[in-house]
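The following pair of complexes shares a single chain, subunit A, combined with subunit B in the former and subunit C in the latter.
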Partner chain A sequence: MQLSRRLLLGTAAAAATLPVQRVRAQDKATIKIGVLNDQSGPYRDTGGLTSAICAKQAVAEFNAQGFNVEVIYADHQNKPDIGAGIARQWYDREGVDMILDVPTSSVGLAVGGVAKEKDKAYINTGAATADLTGKACAPSIVHWSYDTYMLAKSTGGATVKSGGDTWYFITADYVFGHQLQEQTTRFVQAAGGKVLGSSAYPFPGTTDFSSFLLQAQASGAKVLGLCNAGADTVNSIKQAKEFGLQTRIAAMLMFITDVHALGLDVAQGLTLTESFYWDLNPRTRAFTDRVRPKTPNNWPNMIHAACYAGTLHYLKAVQQIGVAAAKKSGTAAVAAMKAIPTDDDAFGKAYIREDGLAMVPSYLFEVKKPSESKGPWDFYKTIQVSPPDQAWRPLAEGACPFVKS
Partner chain B sequence: MVTIFGKPLLLLYGQLTLGLINGAFYALLSLGLAVIFGLLNVINFAHGALFMLGAFVTWGLLQYLDIGYWPALVIAPIIVGAFGVVLERLLIKRLHGLDHLYGLLLTFGCALVIEGLMRNQFGSSGVPYAIPSALQGALHLGFMVLPLYRAWVVIAAAAMCLVTWLVIDKTRLGATLRAATENAPLVQAFGVNVPRLVTLTYGAGVGLAAFAGVLAAPMNSVNPNMGSNLIIVVFATVVIGGMGSILGSIVTGFGLGIIEGLTKVYYPEGSATVVFVVMVIVLLVRPAGLFGRAA
Partner chain C sequence: MTFGFTRAQAVALVAMLALIVVAPGVLYPVFLMKVLCFGLFAGAFNLLIGYVGLLSLGHAAYFGMGSYIAAWTAKYWGFSAELAILTGGVVGAAIGLVFGWLAIRRQGIYFAMITLALSQMIYFFALQAPFTGGEDGIQQVPRAPLFGLIPLEDDMTLYWVVAAIFLLGFLAIHRIVHSPFGQVLKAIRENEPRAISLGYRVDDYKLLAFVLSAFIAAIAGATKSQVFGIATLTDVHWEMSGEVVLMTLLGGIGTIFGPVMGALVFGSLETYLAQFGDWVTVTQGAIFILCVLAFRRGIIGEIGARLRLVL
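Let's look at the complex of A and B:
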């Protein structure tokens, strides 16, 4: 009898502590950020773990008071179904409040659909498609770092202006390649240039581009526009050099990691567009110096920088509206992100436009000659800076449904 | 200008030449597969990964030991071949006598592990490797500019194919190998160490893949995925040629290269599919492949 009374008392005491613990957990709630990208395939170096490292860097620097921040990551294998599946699981069951990165346009759009449906924050830094702030836009989506419009305008426009007025495209045969080609064509034609032809090649699975290079050469075009990415771009450029192509090459989407893979011997003289380069100014250098020890073989590119800047800015917004509100509605968090001007070491001062586009400058770079490069990853010369209002698609042209014009 | 189906004849000549070059490549890779299948009965799915290792060893020799392209042509296949020998001794040997499927799964797993480790170490965007200085420049053929390096690739690949075929079909060693495939216990009874022969054959097949890897390093991006992109086409080549037929893979390799080259001119979107269309047709008409013997 005595024993069971003790048991009863003990159980009651234990039960009494439970609600207390729960209150304490509520006191310091956790904001969970999920980095979703390619961690084992062709886009591993342009996103991959370096994206997660940059997000964690932002968390460490923000040093949140009053709430915890946790960063998790997963591999979407560049497959829309897998990406959307993970996004659903993260938002529904694992309490993820914001999904970050998500390269590969098809996956980026699929995850965008999930974020919209569940009213959760989604900062895309890795996908090229301009639809994320156009017809597929949503009030809880931010697109930061680059898109097909900005690449086409910067690289395409500048190339025609400097005399490259006839073009031939080699294009990866999927959404991204076609969108990039279509948008570049518009800028080439608007500037008085002409497109003489194009070859759409099967993606993935093409390693030899010599056949298309010869067709480009036979067309007599002055500029070869590459509407592809990663190893395909590297292969195209390497083989164009091998075949002694006299045409100029405009790599419509190229990252500093690709230049590293080509080597300056082959890559010198190429023009390309990024919105971040580690050696732009003291702030970008300071950011890179802080991150580099954690990712020594893969220096940050514009996607990585945007993972850092996007996370930092999201946390500022969470701080302002409170964790509970941010967890409840992605739209509320993103609205706060749009209301506060952005300021970080990677992109400087900027803002997020109504349709979710981060209004940062874009830079047209030329790859240095080996003799001009003074150290590791010293690859770019800045040729042209486009201020935000000229770099990106005008708000009205995007046809984003929730933006009232 | 003379045209065929709306394409200038000169452009077609160029494309045929390119097709021949790619064909040489397919032939060389499928040759290694055919040797391994013909003599070991193993469908070597690790072939693409070993091809990639060949390219990476070439890069590593230059990067860390300052050993250039020409020595690498010999050294890289030996190093990767030795790795193949270890792989065979440790793993593949244990599946001897089992269904093909087991060997296929094992080597596929090996490929994933090798590629994963390489990606972890070197990233996915690849490492640079330049064309050797003696082979820089190009030949002007009138209808096209042929880079010297491509010309060299065709010659080297064709020579290697010829040598392999001669060794297997015309020498005493080749005769022993073929006999061991037909009836291993009997050959063993004649005092031949068949297991060692099998191991070395696997090593040689792997060496062929690595040799192709060395040839590829200056023209393709050297990255951990480079093998998996090629391997499917190479498998189709072996199947079309007839599993295990040496001559079949060589002829089919060149043939497919040309067909693919022409598709790239007339309908580039279909250039990755055309190989499989050919495969379907051939298998419907001749289930054992063009040069295969029905089992």
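Let's look at the complex of A and C:
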């Protein structure tokens, strides 16, 4: 007993000191990309390792001549202070030149602050907040794939046009939920729709949505808007199904990976917005076919696709301005990204606007019935396509400080 | 036996000072500042659990509010660093006074539950109040200059300031514990009815200890917000209250150096395991189970017991 105890003690002590000893390699001719996202919590499937795999795919396809590219990744546990801490350390000590992904708006903004301070490139593909290209914008930040404005406009406005003109909201009672509801309401009303009512539920911690669902049903609204995210969205959809709710459900923030988790039986008929779907055209299918063998259980969603496209485009910019210049200034690298038009298999031809927003189309999808689905991950029907100039917030409305000058 | 330090403690103190001086040459200073903040926080918590026997499950409330107030005053009122941190500490102490006044009326599990419930109210307040920025927190807080004069943008300058704050707090805790006041606290821990029968106004002692602990915890939180330039819900969440229990447990409850060691190990786990993705939480859990099973007195407590020393 004594011996084994001592052994345990020794092992624990060794384990505690081990991670501190780290090898730092700083090669001048290496561009280092850090994928920072949730790898153990609620967003592990919407981002997670698949994001890193997609970034590596871009690196492999770009096949850089004259410099090496290294991809590292870490888990920010959805805590802004941990995320900002890792970002600081990566930029300061590990020689990371570009940070990628960073879901959860609070963490996304915190890392944005660090990128701005250190003048390092930062391509956010995972956070919803439109502030990254608005009041929290910086010349070294790119926001690619989606934001709250684009989701609200597409799901709110387009759903009204396709007949869903009366709405009821179930909203998570915190800033994100209220902002989403407010923005969606604006687009619903602008398109001629009406909001009949809304219920705010305590966040976090609510798991029983039945009373809110019944209120939604009693209101007689044609569309139920879910202004929440993650597990709350999944729970409300499941319970709506159990109640046999007849209204159309519009999930304001949902990914194909969530649909996969729910199953078509439950998710059928849902309306949602993404900027990428693997089955859009031959190029998206080709991209997905290349990535799929590496991530068989988790097909790419718009975050993953943007990790691929963002990395590819960043490397093109690095190639153009040279490794030394790209390492020295994130602003220079991002300026080059804005100067070169983007072209990749995931999003096709597009460009990055002055404020850092990737101008790609957005798609309103409806989830297929099980009978309509022909194969694995065959989930979406396209209802409406919004071209880039209509999908996103106009440049002037963002109030991004550096754009004016 | 100078300044209430035994010889072993003096040696440990010198070792700790040497580490604080040498460490930034080897490790990342921002990481070390985080460890120092958490060390101070755990020390404040340990003041209650280790020396008065009060298990507070709501220390995140003081830590978090200290962090919010310091961030807010530095960002919007342009307070200098020491003023922002002090304001954070005072607000934390004020909250501690109210919560402590309510909580010390009960013992054991009821005390723990009341502190938890009250801190959840603070969490709810932080989530809903407009000034905290909801789940985004208060971000991009500038590193205010010390005394309005010395700029703290440089990591190393800030490191020495944080180290000084940590040492002040650490010595204050040590002084409190080894004062006549601290002796009474320990008497209350050992046998509360007897302390009452000896004529001590136990409630007043407990309340004062509670407020002191809340004050130091809030100072730690306020300092952290200056280091990272951010104050968020993480700091007021109940998980933070749980983490400080674990840090103290890991290092050694009722030892002066234990909480600091606990914070170091815990901070290393959180920071250096981040690269292992999925395995962060699993590894953390396994290490904690191991510690609780294999050395219940904590790292420092166990070393002290082996060497028959009070650390």
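Criterion: the second predicted complex is superposed on the first by the 371 of 405 C-alpha atoms of A that agree within 3 Å, B and C clash if a C-alpha of one lies under 4 Å from a C-alpha of the other, contacts with A are read in each partner's own complex, and residues count from 1 in each chain.
The working rule: a contact is a pair of C-beta atoms (placed from the backbone, for glycine too) under 8 Å apart; a residue touches a chain by one contact, two chains touch by 3 or more.
None of the values given here were measured: they were computed from a predicted structure.
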| item | value |
| --- | --- |
| Subunit B versus subunit C as contact partner of A:208, first or second or both or neither | first |
| Contacts of A:40 with subunit B and subunit C, given as first, second, both or neither | both |
| Contacts of A:396 with subunit B and subunit C, given as first, second, both or neither | neither |
| Contacts of A:79 with subunit B and subunit C, given as first, second, both or neither | second |
| Contacts of A:231 with subunit B and subunit C, given as first, second, both or neither | first |
| First, second, both or neither for A:106, with subunit B first and subunit C second | second |
| Which superposed partner A:199 touches (first subunit B, second subunit C, both, neither) | first |
| Common ground on subunit A, meaning residues reached by subunit C in one complex and by subunit B in the other | 40, 44, 48, 173 |
| Complex interface listing, subunit A residues touching subunit B | 40-46, 48, 173, 199-202, 204-208, 210-212, 214-215, 217-218, 230-231, 234-235, 238-239, 242-244, 255, 257-258, 260-263, 265-266, 297-298 |
| Of subunit C, residues touching subunit A in the complex | 27-28, 30-31, 34, 127-128, 133-137, 139-140, 155, 224, 228-230, 232-235, 265, 268-281, 287, 290-291, 293-295, 299, 302 |
| Touching residues (chain side subunit A, partner subunit C) in the complex | 5, 8-9, 11-13, 15-16, 19-20, 22, 39-40, 44, 48-49, 72-77, 79-82, 84-86, 88-89, 92-93, 105-106, 109-110, 113, 116, 129, 136, 173-176, 203 |
| Complex contact set, residues of subunit B against subunit A | 8, 10-11, 14-15, 18-19, 21-22, 116, 119, 123-128, 130-131, 138, 144-145, 147, 149-150, 218-221, 223, 225-226, 229-230, 232-233, 261, 264-265, 268-273 |
